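In the two complexes that follow, chain A is the common piece, with chain B as its partner first and chain C second.
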Partner chain A sequence: MRLEKCWFCSSTIYPGHGIQFVRNDAKIFRFCRSKCHKNFKMKRNPRKVKWTKAYRRLHGKDMTQDSTFEFERKRNRPERYDRNITENTLKAIKKIDKVRVDREARHHAKRMKGKKAKEQREAAKELEQSIHMVKAPVALQQEPSLTLPKIKVKVSQQQAEENRMEE
Partner chain B sequence: MGGKCPHRKVKKRRLSHKTDRRSKFLRKGDDAVYEELQKPDAENKPLPVDEDLPGMGQYYCLHCDRYFATVAVRDEHFKTKKHKKRVKQMLGPAPHTQLDADLAAGMGMPDNGPKLMSM
Partner chain C sequence: MAASFASKWFLAGRSLLGGLRNNSLGLLRTSQEMTCSDFLSQQRRTFIQMRTNLKVVDNSGAKRVMCIQALKGKKGARLGDTIIASVKEAQPGGKVKKGSVVYGVVVRAAMQRGCCDGSEVKFDDNAVVLVNKQGEPIGTRVFGPVPHELRKKKHVKILSLAEHIA
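Here is the complex of A and B:
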């Protein structure tokens, strides 16, 4: 049983799934589902479509270089059946898969580091710049009770934001 | 590559897509054209005479995989935006292949074993 990869999105195609197209120059294109087939027919480039693996790889969203990628490959050479080797391989598959998933999670965490702080910074900036949309500046001047008294207090970023939201 | 549609009055939509549909399967894919272009001296090979093709198959545009009736028409084609766009595309990175898809899926390079016969 050979598990093929989709030409468009690079997902695994199990037997009995998807569709395959053989061009008149005998090139085979396999697709995991009609979504990928339709995108191919529309002549879309998988490198430019954001949900494909090819795009994610190219733009550093996924791991690109890893030693776990060396195990799964197309082997075009006959292998003599050996019960022990098969057993060991089946054991190794689970272990390698676990290692890869862990590494991928680490890669994702690394990539997402600092995102929350960045979002918060941007939100604070937007609030400062466009507070006039919520409350007219004249109204704030006329009624001093609306503005907070200017006292220098050491507060963390988040608390300062909450105060502004209340007014 | 739709041809001119004689009845359309609207200037922008004058191209007919009927011929495009008809010749869809005759035209080469991007990767086939790219491979053809990568071959050395692909440009100056004498073209085989084929009476079924326009201009006996002598005036051919490699990039767009099209035959033209005369040299003049072909040279006119070389000036079009479509052709220039195509040339630019073919100068870029190689089109997506099944191997690229496999590599993106986390597979290694295919293992073909040792070479049995030395060329």
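Here is the complex of A and C:
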């Protein structure tokens, strides 16, 4: 029994699932479900289809190089059954999975790092520019507590008087 | 008409209904279906039945063969079954001549066949290897990939001649 990878989306194919397509040049394409199979028949490139692992790795959304991936490499030599080795392997699989998940979370956090600060800045800007969308200007003038504190700029007394005269 | 439109969408004739629908439309493929679904895979994925053209992938001399009877199977032959076929196109100096009736083993079928572990295999085209009545291949070489389902059907000779086992 062997757990294969789907050619299109790179998810694992468990036994009893999926379709295997053999092309005449003897290249085998395995698909996990009909969604991937139909996309393949439409001749879509998995590197351009957003939800596949190929796209995510290519565009830096997911980790590409990590030592935890070395454990999952395909080995073609069959191992002689040894109970101890099997037990240890099963324990190791759990641990390696945990490590990989932690590293992926870290990668994701690093990717999203500047996002919170950026969002806050954008929100503040929107608040001062488009407050008229939320409350009418008349209401704002009557209740000064609703507006943001305005920054007072010192204007010379003479200029202020001139402005009043013009009005 | 409804049947033909329905079959355009259920192009992969997965269930047994695929064979029945094909039978109801007539044994020949309708050209209308082929033009409707030109961007999808062009192969009609159903059983191998009377009038099905198959490619010959050994060096027995024949090039194309038309199935005239599927031994075993009410709806048609699948991957690994034997058929009786008539040679439609042959190479000039081969062991079989045009118009002769031969037996063949289907080694590649566009229709998917379930493996014992539950997954399914399908190939790109319909191909056959000519055999004699006892099941031994007439040719001495087999081209292209063959499935290992043949081992269960006791076509070990063909497997041994194959260059790639899928």
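Quick note on the criterion: the second predicted complex is superposed on the first by the 121 of 167 C-alpha atoms of A that agree within 3 Å, B and C clash if a C-alpha of one lies under 4 Å from a C-alpha of the other, contacts with A are read in each partner's own complex, and residues count from 1 in each chain.
Keep in mind that, in the parts below, contacts are C-beta pairs under 8 Å (C-beta built on N, C-alpha and C of every residue); 3 or more make two chains touch, one makes a residue touch a chain.
This structure is a prediction, so every number in the text was calculated from the model and none was measured.
Student: After the overlay on chain A, what do you see for chain B versus chain C, clash or fit?
Tutor: Once both complexes are aligned on chain A, chain B and chain C fit side by side.
Student: What is the contact status of A:Phe21 with respect to chain B (first) and chain C (second): first, second, both, or neither?
Tutor: A:Phe21 sits against chain C, while chain B stays out of touch.
Student: Mind working out whether A:Asn45 is in touch with chain B, chain C, both or neither, as first, second, both or neither?
Tutor: A:Asn45: touches chain B, not chain C.
Student: Which of the two partners, first being chain B and second being chain C, lies in contact with A:Cys6: first, second, both, or neither?
Tutor: first
Student: In the overlay, work out which of chain B or chain C sits against more residues of chain A.
Tutor: On the superposition, B touches more of the residues of chain A.
Student: Please work out whether A:Cys36 is in contact with chain B alone, chain C alone, both, or neither, and reply first, second, both or neither.
Tutor: neither
Student: What's the minimum Cα gap, in whole angstrom, linking chain B and chain C in the superposed view?
Tutor: Between chain B and chain C, the shortest C-alpha distance works out to 5 Å.
Student: Could you give the residue numbers on chain A that contact chain B in one complex and chain C in the other?
Tutor: Residues 23-24, 28, 43 of chain A touch both chain B and chain C.
Student: Please output the residues of chain A touching chain B within their complex, sorted ascending.
Tutor: My answer: residues 5-8, 10-12, 23-25, 27-30, 43, 45-47, 52-54, 56-57, 66, 68-77, 100.
Student: Contact residues on chain A for chain C in the complex?
Tutor: Spelled out, the residues of chain A in touch with chain C are 1, 13, 15-24, 26, 28, 41-43.
Student: Over in the complex, which chain B residues touch chain A? Could you list them?
Tutor: By the definition above, chain B touches chain A via 25, 28-32, 95-96, 98, 100-113.
Student: Using the touch definition up top, name the residues of chain C that touch chain A in the complex.
Tutor: My answer: residues 39-41, 108, 112, 117-125, 144-145, 147, 164, 166.
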